[in-house]
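There are structures below to look over.
There are two complexes below, and they share chain A, which is joined by chain B in the first and by chain C in the second.
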Partner chain A sequence: MTTDNYILFTVAGTSYALPSQDVAHVEMVDQVTRVPNAPAFVDGVVFSRGQVVPAINMRARFGFERAALDVSSRLLVVQSKGRSVGLLVDSCREFMNVPQSSIHPPGEALSGLSAQYVDGMASVGNRLIVVLSLERLLGSTEHAVATRPREQASGEGHGYTETRN
Partner chain B sequence: MTDFLDNFLDDYFAEAEEHLAVIRRALLTLEHSVGQRRIDGGVLEELFRSFHSLKGIAGMVDHRETEALAHELESYLRALREGDVILTTGGMDLLIKGAGALEASIAARRAKGPARDTGVVVEEIQSLITRDGTSQPAAKPESRGRGNWLCTFTPSPALIARGVNVDVVRSRLREIGEIITAAPMVNAQGSVAFQFEVSAAVSDELIERWQPDGLHFTPIAPGGAPGARAGADDRSGSILSSGHYVRVDLARLDELMRMIGNLVILRSRLTDTLARSERHMPPGQYREVQDDAEAIERELRELREGVMRIRLVPVGEIFRRMPFVVRDLARDSGRSVNVVLSGQDTKIDKFLVERMMDPVLHLVRNAVSHGIETPVERGAAGKPPAATIRLSASASGETVVIEIADDGRGIDVDKVTARAKQAGLPVPSGTIDAVALLELISAPGFSTRDASDRVSGRGFGMNVVRETLQELGGTMQVETHPGEGTRFIIELPLTLAIAAAMLARVGDQIFAVPQAAVREVAEFEAASIRAMQGAEVVEFRGAPLPVVRLSTALNVAPSDATRFHAFIIGSGAAAVGLLVDRIVGHREIVVRTTADPLIRVEGVSGATDLGDGRAVLILDAGAIARQARDRHGRRGLTVVRGIA
Partner chain C sequence: MATQKRAINGTHHAFDPRSVIGQAEQVTASAHGIARTADEVWEGASEQLRSLDQASVELESTAASLAETATLAESILAATEETLSGANEMAASIEGLASNINGLTSFIGKTATAIDQSSASIQSVSATAAEMATAAEQVTTSITQMSSSVRAVSGDTESLAASVEQTSASLIEMAASIRSVSGNSDDLAAASEQTASSINEMAASIEEVGAMSENLATIIEQNSASIEEMARSIQSVAASGRNIADAATTAAASATQTEKSIESVAGLASRADALARRVSSEAQEGGAAVERSIQGIGRLRTAMSQSSTVMKEMGKRTSDITSIVATINMIAERTNLLSLNASIEAARAGDAGRGFAVVAEEIRNLADRSAKATADIGAIIKGLQDVAQEAITASAEGLRVADDSNAIAETGAAGLRKILGGVNETVEIVGQIARATDEQRQAGKAVTHAVASTVEQSRLVAEATGQQSSAAASIVQGTAQMRKVAQEVTKAVTEQGRASRDIMKAAQSSSRLAADVRKATAEQARTTDQLTQMSETVRKGAASTARAVSEQAVASEQITKAASHLNRQIGLVSRAMIEQTATAKALANGIEGIRTQSDQAARAAAEQARTMKEVAKASEATAREVRSVAKGNQQHSKSAARIVSQVADIRRITQRNVEGVSRTRGGTADLIEQARALTGLMKTPQGRSPNGRNGR
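Right after this comes the complex of A and B.
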């Protein structure tokens, strides 16, 4: 039986998992520098280990309201195809070994924005965990950039609670 | 008087640093002469002159506690040189302690902190001289009789208008005594001053009377080496104002880089113009001009590299400090450690040397307090009782490799994992390889010792080491073998993508604007901004200047400022003013590109860290100005058509 190591995090009350080999590191985050005219789900940039990485707000990405950063907020720095991207999540506390056999294809029941990034659902003990596909998660952001209007209307405010789409 | 001191302070610190470097190196050599009657005269002379020079320059900037201590150290060395005393272990320790106190005292002054009391060390040295020998302590610098004085004259237009010039000063000095040496010097602000060493009777009254004439006196102890003059020491090997070396202010190199930056911009403008003129020119002629343009580009690149190379200094500046740190730490922790240095002449950017001092210091301290066993433990493991820490540097291509290796017990992986779990850090399952190990020990909040430990007490952990490295574009690896030792391998770029930048506040955000793009800086009243042909303009030097509010261009909440600072980008008809709330600073920044497609937006060229770990965006002022010009240009055209 093959077992993979996953890193678990939560966004808006749901538990998600990414293969731990895709996650370079997890760090606390207290401030994100806003980048003008970046896609709406990008909060800005942070310095992580001397590298400038974009911070994707996963709440915004999945269509939830933004929440203010707090002590449990974490930045997952993930690596895919030579890119380093930060994912802002509500919390990230554990590693878990998940047997391949306990990951099932996502059912019809799963809906919402996050559905298109899901690899499968894992039930471990009495918990239900959504296993994400990093490639699709980041791949779709490239698409988002390509279709982003060149200039946004000026005078627009900024903040975590605002939805810009 | 205060202005005079301010002018000199930067020079003082730079020069003091050089003397301290010489002192550190000489003390290492001198240590081998403990207990011997005949001591290498060259080393003593070198130390003596360095203390003497330090005393002189400390006096010049009125840094009394440093002056007094350097004076006392000089007296002890004189006694050694005259053979009045023998160098004892206690004497050696006191010399090292004294050098450390000098350094701390100068550092405190530099940081504008409270003055360090050097009185205790001064007294210790005094009692050592009387105990170990018979020589008379040298006269106090306060004595104002006939003696040697360092006299500095800083000319100014006002003084020259009053007829006080260097010739007048020279003849005045001749009247009161004898001029031993005279030398011009250039201070950090680029103004010229003259330094005389005179043997004369200088009274307090005279000092006061001549002070308004730009003359400043500092006593040199009688018997001081004739000709030993502050600032002249061609044996330290660092960049000095004599022999084959010149000392260059970093700010002047930055100025050169800025000019080169301007040339680069001009050249690219030339290329643009050329491309547009191609069809109007005979092909042969066009090719010739094109070739010349390319040659200029090549030369420019070499010029830029040449200037970058001037900034390279030997890595030895970092290394030489380490034997002292190890010495103190080893003694305090009952360990015996030899430090072996190699590749000290490897050169690296000055900025990198400054930033690497603390990380290397930390790794060396770590090696002593975590890596190296007690002599008893080492004996039991069949190792020589004295451990070895090797610091080496080598250059390979565009990178410099620095290694810090010890032959201690190695890193205990199980202990690290346990500690990490205890600290609540995520620990990957399975075997921990070197990469994962480094990851764990570099995690914020990880420390395998108590807070009382000298190392962790500094608040500079492995995570800061790694962050500093990454900020500098470097990398770190670790190799560790149980019972055999640990080696940290650091790779750094030879030079950095460093740019001089202005920092400006727009709304609640700070942005950096590379200076090379800015032609001029101006300030405007908000009320003076007028709407004209659909754009905003201000009057600048008698002509309308289109302006762009960065708050608008960057979607930042605008402030209600009544005055704006402006970066003037481009010249003539192409000039555009970028309005910011305030220019808040000016500094060198390390440029990091924002490569990811998610954050590649027009007008932002990268990000930098100003030292607090937060990202500050670097603006592409040229691109923002260009966009504005295009918009303005289009509107202008519409108006012209309307008139036609």
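Right after this comes the complex of A and C.
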């Protein structure tokens, strides 16, 4: 059912890929409205196409230093289980067809947390692209959000979804 | 005499043949005694004669020795004068060296001192002559006294003769003769004493001469040492003269070289003058160039300032371009975003959106190319801005450098002005140097001339010194001869001393004999007195005695004359000595004047002059000593002549003594014969002649 089309974006100099059917649209980001008691990797909320979406800073999510927003900064609005989530990335400019055969498993070297949301490594030309799994990425994110003290009553693993709902 | 007359008268009145016989026998005995005494006197006188002959011989040998000494002294004098003439020749040679010979003043001073010494010596000789004159006067006085004494004796004898006119002539004669013998003996003794004293004097004089001869020998030794030293000095002076000649020749060569050097310096100085003038004009040109460069730097500064302004303006425009490029870039980004979203939508539409996806792809490609071009433009603009900034910085730096260059150029211009001033000064100084060098060239020529004349002078000096050297060699030779002669003189004087000691011995024995004679004569006189009382027959003898006395008086007169003549001679000698002293003083005065004039003489060749002075002084001393010796010799000769004459006198007196004694013996023999005849007559019965023949 899955096609070979991917959206490519960069965070801290590294190229990542997400399947295009998971991405609703891409937009420029002017400013992020900060909200109280947000998790550490959530910069705030953004108003996009009539709805308010949380903006997850991918630099912070991947453990890198934050960077100031500029003309190439993008917000990827993704759909997962009926929910819209914004991902703040350094740039996003490419729509690419990557054949399944060129995607390799991550291997034993990438174990632990990062291995949880990496589907594999794709080699296109002389570029090495990390192919992400949105489900697992957001799942671990939800888990991290669920561990927050403020969200205890909502039950673990489903805090975001329940808020969305 | 009266007693005798009475005795004769008594004999006439009372004639007693026995007493007559007794008296005759007594007379005979007395006559025999007289004869014995006369014999003794005869023997003594003969011995005295022999002794006097011996003395005469020795005196002659002494006189010969003195003559030899005088000859030697004259030869010394000649040698000394030769030395002196050699020294004078050398002095003339030194004077030929004109004012360069130094120390002449002190030499003349020393010569004056030597002349003073000579004057003192002459004065001492004069004093000796005066002393001799005194001695001669004393001799004359004693001779006069002797003469007067003889005259007194003559008077006495004449009165005796007158009173014994009637008594026995032979007895009186005998008595008078004996008295005269006695007087002669006294004179003899006195003469002997005088002779002894004269001989002592002579001996002392000979000793003095011996001492003087030794002194002379010592002085001659010193003299010869001085002369050898002088010869060495002259040789060293000759070597120095040659060295001076060599040095002068070298100096002449150096002077010529110096002249050449001055010529080349003059050429260099004129070249330096031209060069300095050229440098001056070039420095002026350099000053103008620096002024031009200062103006150029000012224009450059203005241009720099303008370009800086332009660069700033360009930077501003570049900023405008940058903002436009940013806008274009934004549009490109948005186009990319739109095409990306369109691709997402087309993929979602499936096959229906496939064509749309291609269009979206194309649009995204265009947007990407736009973005890339704007990125390139941005990079170019950025580089352009950097370059502009660099240009602005560089032009600011250029301005600063231009300002610095201006200041440096101003400093350079000031320095050039200073250089120009210095160069002008240099030109002036170089001109002065050129003029001074020209003067130097003339002075160098004069120096060359002077050095050439110095060479000539030093050659003349070397020549003169060579002549001096040969003269000194001849002096050394003369001195050696002089030394030999002085040794011979010393030897001769020693012989003289020995001879004079012999003479003294002879004179002493003569005196002793004279004393013996006097003693015998006194005894004789006593016997004669007895005889006189006995007889008047000695009257005739008294007359003879009177004659003898008058002869003696004549002889005394002659002696007195001789003595006064001697006195006159001595007086002449004294006056000559006084004149000599005056002359010496005049000489000393003249030398003093010469010394005053010679004070201006130069002080070169001091060593040589000093040696010359010593030579001259020593020669003067030698001459003085030789003169003293000659004087002493003359004195000796005079003393010897005096002694000879005195000995001759003694001999004459002794001769007369002998004659008197002979006559006494004759008278005694007569007496004895008459006494014997008288005795015979008396013994004949009653005697034939009552008045006898007593009265002869």
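One rule holds for everything that comes next: the second predicted complex is superposed on the first by the 138 of 165 C-alpha atoms of A that agree within 3 Å, B and C clash if a C-alpha of one lies under 4 Å from a C-alpha of the other, contacts with A are read in each partner's own complex, and residues count from 1 in each chain.
As a working rule, a residue touches a chain if its C-beta (ideal position, glycine included) is under 8 Å from a C-beta of that chain, and two chains touch if they have at least 3 such contacts.
Here the structure is a predicted model, which means the values were calculated and not measured.
Colleague: Just to be sure I read the superposition right, which of the two partners does A:25 touch: chain B = first, chain C = second, or both, or neither?
Modeller: Once the two structures are laid over each other on A, A:25 reaches both partners.
Colleague: Considering only the touch criterion stated at the top, classify A:54 as touching first (chain B), second (chain C), both, or neither.
Modeller: Once the two structures are laid over each other on A, A:54 reaches chain B alone.
Colleague: Is A:36 touching the first partner chain B, the second partner chain C, both, or neither of them?
Modeller: In the superposition, A:36 contacts chain B only.
Colleague: Give one of first, second, both or neither to describe whether A:71 is in contact with chain B, with chain C, with both, or with none.
Modeller: A:71 sits against chain C, while chain B stays out of touch.
Colleague: One more residue to check, A:95. First (chain B), second (chain C), both or neither?
Modeller: In the superposed model, A:95 contacts both chain B and chain C.
Colleague: Applying the touch criterion given at the start, work out whether A:4 contacts chain B, chain C, both or neither, answering first, second, both or neither.
Modeller: A:4: touches no partner chain.
Colleague: Residues of chain A touched by chain B versus by chain C: which partner has the larger set?
Modeller: B
Colleague: Touching A:83 in the superposition: chain B (first), chain C (second), both, neither?
Modeller: Touch partner of A:83: chain B, not chain C.
Colleague: Please write out, lowest number first, the residues of chain A touched by both chain B and chain C across the two complexes.
Modeller: Residues common to the chain A contacts of chain C and of chain B are 5, 7, 20, 25-28, 93-95, listed in rising order.
Colleague: Spell out the part of chain A that touches chain C in their complex, as residue ranges.
Modeller: The contact residues of chain A facing chain C are 3, 5, 7, 20-21, 23-28, 71-72, 74, 92-95.
Colleague: Can you name the residues of chain C that touch chain A in the complex?
Modeller: Those in contact with chain A are residues 329-330, 333-334, 336-337, 340-341, 343-344, 347-348, 360-361, 364, 368.
Colleague: Write out the stretch or stretches of chain A touching chain B in their complex.
Modeller: Interface residues on the chain A side: 5, 7, 20, 25-28, 31, 33-39, 42, 44-47, 49-54, 56, 83-85, 93-95, 97, 141-142, 145, 150, 152, 154-158.
Colleague: Applying the document's contact rule, which stretches of chain B touch chain A when the two form their complex?
Modeller: Residues 426-430, 439, 444, 466-467, 469-473, 509, 552-558, 592-604, 606-607, 609, 613-617.
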